[in-house]
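Both complexes below contain subunit A, partnered by subunit B and then by subunit C.
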Partner chain A sequence: MNCRSEVLEVSVEGRQVDEAMLALLHTILLHRSTGKFHYKKEGTYSIGTVGTQDIDCDYIDFSFVRVSSDELDRVIRKAVGEFKDAMGNGTDGMGQISLEFYQKKKSRWPFSDECIPWEVWSIKVNVVNLANEQERQICREKVGEKLGEKVINIVEVINQHEYLPKMPTQSEVDNVFDTSLKDVQPYLYKITFQITDTLGTSVSTTMRRLIKDTLAL
Partner chain B sequence: MAAHFDTEYQRLEASYSDSPPGEENLLVHIPDGNKSPWHHIENLDLFFQRVYNLHQKNGFTCMLLGEVFELVQLLFVVGFTVFLANCVDYDILFANKFVNHTDSSKVTLPDAFLPVDVCGASIRDNVAVMFVLMISGVFWLHRLIKFIYNVCCYWEIRSFYTNALKMSMAELPYFTWQEVQARIVEIQKEHQICIHKKELTELDIYHRILRFKNYMVAMVNKSLLPVRFRPPLLGESVFYTRGLKYNFELIFFWGPGSLFESEWSLKPQYKRGGNRLELADKLASRILWIGIANLLLCPVVLVWQILYAFFSYTEVIKREPGSLGARCWSLYGRCYLRHFNELDHELMSRLSKGYKASSRYMNCFLSPLLTVVAKNVAFFAGSLLAVLIALTIYDEDVLAVEHVLSSITLLGVCITVCRSFIPDKHLVYCPEQLLRLILAHIHYMPDHWQGNAHRYETRDQFSQLFQYKAVFILEELTSPLVTPFILIFSLRRKSLEIIDFFRNFTVEVVGVGDTCSFAQMDIRQHGHPAWMSEGKTEASIYQQAEDGKTELSLMHFAITNPQWQPPTETTHFISQLKERVQRETTGDRQTLTSLSGSEPRSLIANFLAGPPSLASLHLGRDGSLTDHGPVGVNDGASALRSLSVSSTRGSCSSAHRSAGHASFASRAMPGSSTDARTASSGSSVWEGQLTSLVLSEYASTEMSIHALYIHELHKQQSGGELSRHTWHRQDSDDSSDSVTEEGGSGGGNPNPRNLIPRSHTFPISTPISTPGPIPSSNSGPNPDRGPTPGQEVTPLQSNSQRRYGGNTDSVGPGGRVVRSERVPMGGWAEQGRGGRHPDTVPEEGSEDDMPPNTHKVT
Partner chain C sequence: MLASYVAKRGHSMMDSDLSPQDKKDLDKFIKFFALKTVQVIVQARLGEKVCTRSLSSPTGSDWFNLAIKDIPEVTHESKKALAGQLPGIERSMCVEISLKTSEGDSMELETWCLEMNEKCDRDIKVSYTVYNRMSLLLKSLLAITRVTPAYKLSRKQGHDYVILYRIYFGEVQLTGLGEGFQTVRVGVVGTPIGTITLSCAYRTNLAFMSTRQFERTAPIMGIIIDHFVERPFGNVGHMHPCIYRAPGEDEGAYNGVEDSQEVCTTSFSTSPPSQMGVPGKEGGVPQQVPVQPCHGAQAEHRRVSSCPPADHVPATPSSSGEDAETSSRSVGVKSGSPCGLLETTFTRKVGAFVNKPGTKVTTASLDLPFAAFAPRAYDLEENDPMVQPPESSATSSPLQGSLHSQGSGESGGPAQDDFVMVDFKPAFSKDDLLPMDLGTFYREFQNPPQLTSLTIDVSSQSMAEDLDALPEKLAVYEKNIDEFDAFVDTLQ
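Right after this comes the complex of A and B.
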């Protein structure tokens, strides 16, 4: 509960799915990334630079800005690709991809590290089927406009000065930031997706909760 | 040239000496690090609950010790039972068999023990014993794991207390919860425990700790839970045990497949009305399965209950046999009497205060028949006992005669039991006053009790809240047998209503998650027009909390948490009410004296005399009162504090004075009390714990006054007729949650069709559906109760108008403003409009025209 959650909804055509997802995810990550930290001896650090890059979409009248990090882009693309594969091609469908920012909390020995989310962006995608080229053309523009709105939404949300994890010291930097990338350092994030919101959660989560609940009684 | 360049370079570096060279020529940041591990806690519900628990259990060590002993106790109970059953040679103990001793003829205890191998063999052969042992072994292991887990969790809470809240474990028992809470609110600013808000409010913390309890209270309030039954022979009774409660919570809140997906959020599909029937089916089948599981586990639980009861109560019964005749607040009573957002310790202290009066009230109803019998039994038993004791004193060998000792013990017990049926000679029979005194502490009471305190029905109903300890134990023992059937046959039928309840009464509060909307204590949403919130409430009958629960809970919360800043409308309500109460209580000091003292008579006399007299009293003093009126308007919390201080002070001082002096004291009070307030509840969190304890005392007294006042007003507004027409009360008993109100004026209109339902409190479901008067008395609380709206709305309005007129007449124009600013018709009209779809179960309508009730509250 102790985390913000934002929901974005878009409805797009099948072939626009990955571009739309990329646009939104990249926009969020652009604002949730910093340059690499370089720690100094006295417990201070300096922040490296982050480049940005304009990306034009092929199937949508839209271009967005992303962090110019190919590595990050690769990771996102992979996730979006999986999402798209899971959605299946060309058919109507609902899906949700969520980008969750979390921080790790070290626990004592018997427990594993906790990952505590502090912000979750859920993007609900509704895939529509279009009959002819004309509709596609309209859709192309419309989705572009919609995405533009969403980007502004995202920026508005991010501009509110809400909770962000505090800047970590060198030893803790892994608990807050994803330091695996060479050129950029986003907050720790996780991308998950879900196809058609099914009733009930998965068996494993239920079991885990059950055990936890009985213990906590 | 080169030299020139060289010098240039030197000079340059000298001039920029303070900027670091090379790639260091960047902004340098200092990390704030995670100095405290308390920012951004994942599960705040659990966290606050643990913080509260640790506080209630008086610190870590106490809790640890308690839990360790519990574990040991468990082992002991099982081990000792098995030992007693298998390893003792009772023949030796009872001296039926003689032991061959070479040296002495004394029988020692170890003689009676069987040798280990024999004993072990007999245990191994006995399947039942092995079964019990295995079950308890598993149970114990579970407890052990839980214990270890808890220790780890609470260790963290402990360090939270010491490091973040700066309270050491040693002094924790001497802090009140309000102080702890104030600290938590304070540290939120620096640690950001909750990331949604910059600041936490008291209500947030309460909501999180009491999230599920609030739901339970609301469900009991709306009579949704099947806890009232009408078994043959026993009459109307309430059955609500810990086992049943556990099952309810399992089904609704945390069990597998429950309605909540996590501690803080209802599953999204339950928030939508679309497939409610489907969900209800699902819930019904879940309840069925859980019921069956209960049935299967029944023998295990039963054995456990019996063992547990035996070992925890036998010692007590032996020590003081009277304790079985003592009473305790029943589990149902605790749920019924609980305010929304009331923590355990607050409830318990309130109920404990009412305990004495309650048991005195119950003692008024000793059956005369039983008394006669008991007197005589006691006489005979007493004479036998006297003889035996006399003989024993003369020669103690009498004790050696078989069964003499046991008969002495039995006779003693018998006499004690009998004595509890014989009323105290000096007891004064004044049930009405006692009931009033009880009300001052328990705050809730069905309307029809007032004026009927001497009736046996009232006593019976009260005994549902306040039951014999023996009955409590008995119910706990039978619980494993009965629970599955209640689940399967009773609760399952309600699944649709449950689904509707959770959908309609869940709001999503930012920073808290899904909570019960009743717990918001919003008068507008859930107020009841008959309980002070007329004209302010927009709730339909289905949405109104019964018994004035919203209003009373709100007052209670505002009084216990004076720092809380309620929304403006609510503040207005609170301050208005407080002003009125203040006016009346300053008008009459005696009320307070009687509250703090044990003498209820003057209190009752005052209230029986009724507000009209109070009104006339305070009229002359209006001038003196107006100057602290505005305080209440501006700042509810502070006025409240000042009132509580002043009122209790007043009571102390006026106890020894005549009424005239008292009025003087009251006039002198405001000044001194404000001093006390600023001194005590100022900005500093560091206060002597004494002060806060004193304040909490004041708060409880003040709440009592408010509760009495609200009830009195409620009675005046709507219930005045009830006591006069006793035939009528009978009817109202029968209708489950709507009381009929006499429709026509005075008897000029005998047409029973004009009886209108007033939403009512103590739901008593009689199977004999009332003939005639009540439009339809569905037993149970189901939302599709009631009257067809078209038929009702018109008489409603005319009727209320009539009553309004009558009311003002009796009080005198301008004497007391009974209704606030709006004409009551507004309120009733609202209600009528709400009744447009009184069967609030929205088949297709309601969920379309109004979005699912989970709107965001910021």
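Right after this comes the complex of A and C.
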């Protein structure tokens, strides 16, 4: 099975990084989350309901829809916050944040479980600094339009209906889905990022943030 | 004879590739997918943020495992447009979104098209794959509806313009979108009877709007001036405003109860059909999720009796703001026919600045905005809501709700004055204990009497008098010329 990989690129001002990343990550997760599974007898299961909510950005002329789950939002915000901190404040720079969906494959002892990615979204961010308010206003609108284009790109890719993990039995559900949240159930995912300095070289302080990983024991 | 028998049998075999249960399920899925598509689009053009709660346990009435509310008027309009048919090949369902200004200009902004082509996917599992892909497509629709230009316009609708929707069935009409319109494809779902496609064509040439300011302007404090007694948004009999009324109102007008009988199947199986009744395997390869007619049917049968009608499901707590939203009567009742042919009775929810209706009112009486104010503006202060506002919670845009109530055909209301004066009490003012209170002062200050010298009659009279008196005045001045000279000397 080949892992599908998609790359999105955006240029934003420093204070727009959070909202731009949240908009794109939440749009992807909206499509990659289901309601909670409730397994019943005879191998059947029912699926909970996913609610949605509109979010208006403060620094970008843009609104997006995310899954109504404060828990999920907190996790994503934390990751984006760390990415932004790593990018530094007030400096130009480039970075990349990746959202990887994976399946776990159980291995026998002493080997640890294997994580097999099946879809990776990479968002390349170019941070610019602007000189005056007029430029910032133009940037608000331009970035809003760009994010709209990215949302359309995301939807196009997702609706190609390529590989999705098979629906698991009750014993396998934790190998496919993140069942830790109370209200929704995204596919297993991890968010990682790396920062590039302005020279374009990869710095040695590449940081890896694992949200749900069997190695975090 | 044999040949015709074989041909006939062959034809019927093709039709029966889809089992009766699958066909029934597929038709139901397509029907509810179409209804939910319209709901998502119209709700995205209401002008406000939408928020629904996630529920870990299914209720049985949330189609496609998504919390999408059903606005009764929108469901009613959708069903009317469908008229018992389903979207199919060469039978597209379209939702047209347009903008109408207070001056009567209108412009189509976008057209959402739900179409079907002939490309069939006969191997696809109806009850699982088609259903889940429809759910995915609705999520994509939620995302894309916030991205097209009409979304920002709809968020700013209010005094200057409103957003209207129209649902029609049949051939797609895009000519109203102007030159250079763009198309975005939301997605596709393959089914055994054809491929469903959902797309949006949107206008890019908004030139007519660039010369006007579509900013929301607040009304003058305390005085509601009705700029347009004859409805500015009239003559839109087939169009409907994108407003939302809380559920529970006017249910008599819309009999959505029949939908309660068609609850969504929320039960899936991890076992293949041949192993129905056998527990799912443990620890092995996950089973391909199959069709589950038994369980689905059981779920339905169990739930029909106990599940409340979809339309009556209360709004989720996080959207209580929407529950408290106003409204005057929505126009959605009267569609397709002008001049208020439908005299529907209903009970309306009272918003701020609206006279409390004591009893049910008919649509005809709501032709004019603030019609309740106009005949009674000069007396009965105790009934004046501006003086004693009703206790129902105010909405963020009561004017919007009132203005939107006029979208339907004209019904020739009585002629009214151009301005409706409503008495008001300024903030922090007490009752009239003094002869001159703040309210009186404010009114007098706002409307000072005109200078007499500026009135035409007075000025023309004084001109004649002045001319007559001129010789006498000149004589007096000549007599006192020494005084004038002395005065001029003092100035130098």
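Here is the rule we go by: the second predicted complex is superposed on the first by the 195 of 217 C-alpha atoms of A that agree within 3 Å, B and C clash if a C-alpha of one lies under 4 Å from a C-alpha of the other, contacts with A are read in each partner's own complex, and residues count from 1 in each chain.
Definition applied: a residue touches a chain if its C-beta (ideal position, glycine included) is under 8 Å from a C-beta of that chain, and two chains touch if they have at least 3 such contacts.
Remember, it's a predicted structure, so these values are computed and weren't measured experimentally.
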{"item": "Touched partner set for A:T44, first subunit B, second subunit C, both or neither", "value": "both"}
{"item": "Partner chain(s) touched by A:K105 [first = subunit B, second = subunit C, both, neither]", "value": "first"}
{"item": "Which of subunit B and subunit C A:G148 touches, first, second, both or neither", "value": "second"}
{"item": "Broader residue contact with subunit A after superposition on the shared chain, subunit B or subunit C", "value": "C"}
{"item": "Partner chain in contact with A:V184 - subunit B first, subunit C second, else both or neither", "value": "second"}
{"item": "Contacts of A:N159 with subunit B and subunit C, given as first, second, both or neither", "value": "second"}
{"item": "First, second, both or neither for A:T169, with subunit B first and subunit C second", "value": "both"}
{"item": "Partner chain in contact with A:T27 - subunit B first, subunit C second, else both or neither", "value": "second"}
{"item": "Subunit A residues contacted in one complex by subunit B, in the other by subunit C", "value": "40, 43-47, 165-170, 172"}
{"item": "Subunit C - residues contacting subunit A, complex", "value": "49-59, 62, 65-67, 128, 133, 136-137, 139-140, 142-144, 146-147, 151-152, 155, 184-188, 266-271, 275-284, 286-289, 292, 295, 299, 316, 318"}
{"item": "In the complex with subunit B, residue positions of subunit A that touch it", "value": "1-4, 40, 43-47, 103, 105, 108, 110-111, 114, 116-118, 162-163, 165-170, 172, 175, 197, 199-201, 206, 209-210, 213-217"}
{"item": "Subunit B residues within the subunit A interface of the complex", "value": "24, 26-34, 37, 39-46, 142, 145-146, 149-150, 152-153, 192-196, 254-257, 261-265, 267-269, 512-513"}
{"item": "In the complex with subunit C, residue positions of subunit A that touch it", "value": "27, 30-31, 34-36, 38-56, 61, 63-65, 67-69, 148, 151-152, 154-156, 158-159, 161, 165-172, 176, 182-184"}
